[in-house]
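In the two complexes below, chain A is the common chain; its partner is chain B in one and chain C in the other.
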Partner chain A sequence: MSAPESPRTASPATAGAVAELRSVTKWYGPVIGVNDLDLTIGPGITGLLGPNGAGKTTLIKLLAGLLHPSLGKVTVSGRSAASSAAKEHIGYCPDVDAFYEEMSGRRFVRTMARLHGMSKSEAKERAEIALAEVGMTDRADRRLRGYSKGMRQRIKLAQALVHDPAMLIVDEPLNGVDPVGRRELMELFRGFRDRGKAVLVSSHILHEMDALAERVIFMGRGRILASGTLAEIREMLDEHPLHVRLRSSQARELAAQLIRWEDVKGIELRDEEEFSLEVRRPDAFFQRLGDFVVAESIDVSALETTDASAEAVFDYIMSSAARA
Partner chain B sequence: MPAELAGYREWSGKTRSPWRASWSIVRTGVLMILRRWVFWLLIGLGLLNFLLNFALIYLKATLTIQNEAVGQFLDAYKVTGTGEAYADFMEGQATITALLLAFAGANLVGSDYRQGGMIYYLSRRIERRHYIVGKLMSVGAVVTMIATLPTIALFIEYGVLSSSLDYFFENGRILVGILGYGLVLAVVQSLLLFAIASWVHRAVPLVMCWLGVFVLLRLLADTARAISDDRRWLLLGIWENMDRVGSWCFGAGNPDKTPSVGLCLTVLVGLCIICLIVIVRRVRAIEVVT
Partner chain C sequence: MSSEKTASERPSALQPSALFSACVHLLRLTLSRQFWSRQTVVGLALSLLCVMITFAWTLHRDPSSKRLIEMMLVPAFLAFLMPVFAICYGASAVGGDREDRTLIYLLITSIPRPLIYLTKFIAAWLLATGWSVGVLWVLCTVAGQPGNEAFDVFLLPTVFGCTAYVSLFLLVGAAFRHGTIISLAYWFFLEVLFGNMPGIVKRISVAFHTRCMVYESGSALELGPAGRVAREMFLPVSGETARTVILISSAILLAAGMLIFSRREYRDLS
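Now for the complex of A and B:
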């Protein structure tokens, strides 16, 4: 009855795409969860953003092999996401806060390692490494029922990391974690990325996604509304020019020059030393502005975008999607 | 803590068959029961029954030599070393097991649905069939631990304390009976518990449903039989069906009694198939409910 034991295939994280969705649709009876998704996730940190009901959890469960697509194909490391071989490469940290409360954190992580097909000694060793990685070594012998929300998040992460997956999928990992804990978890994700792995983080805490994710996926109504780096997505939003605040001792002269540029849609003077601009094609604008201030020796003391954050982009995309 | 300080190194070990991972589910399930003192009340009851029988067999073997009247007195407690005696003991232990499972079912199976914990299992390197088999085996392990293993221990004790080891050779059928009855109890109770707990997740409703299946169906069977004067109505009594099939494994019971052992077995097999269908559907349905 038992399948032959197999050597673990090498991590494919460095070989480009870790996970792919091709024309994936998922229905729950008459309700559509995700609709005709095409997506490739590679190494690095990818943020998954969207309002409730957007299809984020369905997408995550499809990738984790917990759901079968109604149409299309989900592959992880080239294998069907629902297969055992694909699950070797996925570490899933759900938002569900359910454990066997009588278990200790250490026992829980070890059990999850055993479920992954590790021998007793391997499971023990890997559990200790994963616990150390999430900073829970000293507290892992306590029963889960006595853990705080932040400690539970860490234990959930440890169980996801225990088999050294190529891709870590985390659903709302920063919920209920204090600021220090959040910083540590974000460092953990970055460390995972630095080892050439992929991290998919679903979160509602948008300003932290700014700092964390290199690439974001905006979802709404079961579809991917936009994906790419925040800057790329921001540049695609033609109807929402980028707002830039600029501070200079020569504000009036500079504003008079900039208003003639075709990428500058409008300028508003705030005071003698500060004005704000509405800019199309931000990349081209910033390149030209840099060259210009250097060539003209103009003193610029501050330059910042005011609506290029994930939150602002999210709002623009959602309002566009609502009108569509 | 940074990965480097944690002594991180990539894992390149071998993963074993997912079927072996099912044993983790069994171990987790059994330990979950053993960790709760409330379940130890029922386990202790089973242990008490076992120790009583163990002591009676010992007393019979040692005191009968000195005084035959003691042996006749102990025979009243059915310490006879026959298949019927072991079947009676197993039925008693099975009752305790059924009570234990009624209370433990919510933890063993129901909590996976109620709290969404099943996704921890299914996101690992196992598939739904491994999860189902693991859970069924964990219930089966509890039944075996309380009903079958103690009976085997009594059988061995009786044989060892007999005047010769011929007891083992002459009563091979008893060992088959113990294993057969144990298998019937483990298979039927594990499938039935999993099927019920996958629908009724909380402890109190689960206890009511579980006991209802055994007690109310029996009452219904007796009533229907009394009204129609047809003994086949007794087939509704699942507990009695298990007992008849179990006793048949020992070679005990009246073969001419209606309903026949074959019919009882057919009902149990049918019940198991229905339970299995329910379980598979419910485990698949986890896609929608979480």
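Now for the complex of A and C:
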């Protein structure tokens, strides 16, 4: 695998692009933040994953217009990301836990609406819509300094949504939010996506990216190591075959058949009814397995992949990057 | 969804009326946040102290206008309170938002950065000038009849001095992380020490030019530095020159601040 040298872009979305980075490099003095990034972000939910220092925050700040690229170009809706015209189209939810603490949540969101140029009545209406979207309508009159971390996170999201941007950029949005709140926020992102908008979510909580993001971007050392759907990226990881666990009352017979298949790299029998396989080209394998099981009337009681999660893919990519 | 226009349906940049409305809201927000702040408490506490000293001074001295100006208003108000108000509101207008990291919310709005800076300048200038003129009026009122004359002498220099100080300290607050501390250091070393040195080196200070304006507008009172040596070494410029220098330097500082604020990456915000 040569991921670090040539980023894997499984499904480059160029049509309907909301944001684009072209040959973008950002230096902080002698330190490189991001290195020669080419990226297109279109409608839908995109997850941004990577360890600390991978360049996620730099990428997000470039898109939010808070940093200027040292080289290259960052555009949002066709305009330079740093321009005020582009900011009309960006809703940015920063990871910083700072507010106008003396305000209530409702007043803060209305204030942000007014700062986006809305009239008083429009700001009031839009603030109520945004507060409803984040589930804070009935709790928004309390002072911000008295809010829990989860409530503050929701208010930050509300201010990012208040001007109904084309793209929502959220940095670690699920931090400090309880499980119910997380589910609600994920629903919120999906609702935003369903309206044809783009969502870029940076997170360390990899398993939640499995459920949330349609497309993921793995970053490391300032570069994009891989991007695409998890399945697409997983399939590209040739040297890391997919691990599959299978239970069947005819485990031995089935294993004997499967080991002959070219996509099956290895089989390990666990007991009389269970074995695990290492599989290349998972899509082709599962298609063939399904046909085979039906044709031969084989009883399969369980079939699961054990390392197709974002976390496993992330580990593979990072270990490949470390070797490169 | 609301029937209101979405961002993608709205024009790509704010229309002038919407931009004006956003700036007015930012002005009100800044005025409100700065007025109800620690800076106001500090400024008021120091003002109260100066008012008490002035009151005590008027009880024990023959309070002529000339003596009031030379012994109380120039050192206590012109050289101390006015720059303090300018530091309180000027350095914290952008610097305060930066320190508490709420500046990020301004930088992600659709208001162009130069206009954010200009709006911050107007707010800080209104507060610093308003408080300075207000405190000057109180000091002059406390001093009685001589204070009435002194108020007229100081009004214009106060407005000009506040303009120069606010534009300077706002720039410092926008350019440096610990703007208030740097502003205080500047005020002490450049304005207090250099501003009282013999020769022309003092001409780089705002205090020198505001004093020249005071001396000219109070020429009927034969105002000037106390003592023969000080008078000989003060080397004043005309009031018109002082006004011109203050206005031009304020404009340059404001323009430089807008440029710096527009280009600066505030990496410490998150």
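Details
The rule we apply is simple: the second predicted complex is superposed on the first by the 309 of 324 C-alpha atoms of A that agree within 3 Å, B and C clash if a C-alpha of one lies under 4 Å from a C-alpha of the other, contacts with A are read in each partner's own complex, and residues count from 1 in each chain.
By our rule, a contact is a pair of C-beta atoms (placed from the backbone, for glycine too) under 8 Å apart; a residue touches a chain by one contact, two chains touch by 3 or more.
Predicted model, so just to flag it, every value in this text is computed and none were measured.
Applying the stated clash criterion after superposition on chain A shows that chain B and chain C collide. When the shared chain is aligned, chain C comes close enough to touch A:Arg79, but chain B does not.
Judged by the touch definition given at the top, the superposed model places A:Gly135 against chain B, while chain C stays out of reach.
By the touch criterion defined above, A:Glu20 lies against neither chain B nor chain C after alignment on the C-alpha atoms of chain A.
When the two complexes are overlaid on their common chain A, residue A:Glu208 makes contact with neither chain B nor chain C.
In the superposition on chain A, contact is made by A:Glu187 with chain B only, not with chain C. Residue contacts after overlaying the shared chain place A:Leu115 against chain B and chain C alike. Of the two partner chains, chain B and chain C are each touched by A:Lys87.
Of the two partner chains, both chain B and chain C are touched by A:Glu102. Taken together, the two complexes place residues 28, 61, 64-68, 84, 87-88, 90, 92, 94, 96, 98-100, 102, 111-112, 114-119, 122, 126, 129, 159, 163-164, 195 of chain A in contact with chain B and also with chain C. If you check the complex, the residues on chain B that touch chain A are 1-3, 5-21, 23-25, 27-28, 32, 35-36, 111, 115-117, 119-127, 286-288, 290.
Residues 1-2, 4, 6-8, 10, 12-15, 18-19, 21-22, 25-26, 29, 33, 36, 100-102, 104-113, 263, 265-267, 269-270 of chain C are the ones that touch chain A when the two sit in their complex. By the touch criterion given at the top, residues 1-8, 10-11, 28-29, 61, 64-68, 82, 84, 87-88, 90, 92, 94, 96, 98-100, 102-103, 111-112, 114-119, 122, 126, 129, 132-135, 159, 163-164, 187-188, 191-192, 195 of chain A touch chain B in their complex.
On the side of chain A, the complex with chain C involves touching residues 28, 57, 61, 64-68, 77, 79, 83-85, 87-90, 92, 94-96, 98-100, 102, 111-112, 114-119, 122, 125-126, 129, 159, 163-166, 171, 195.
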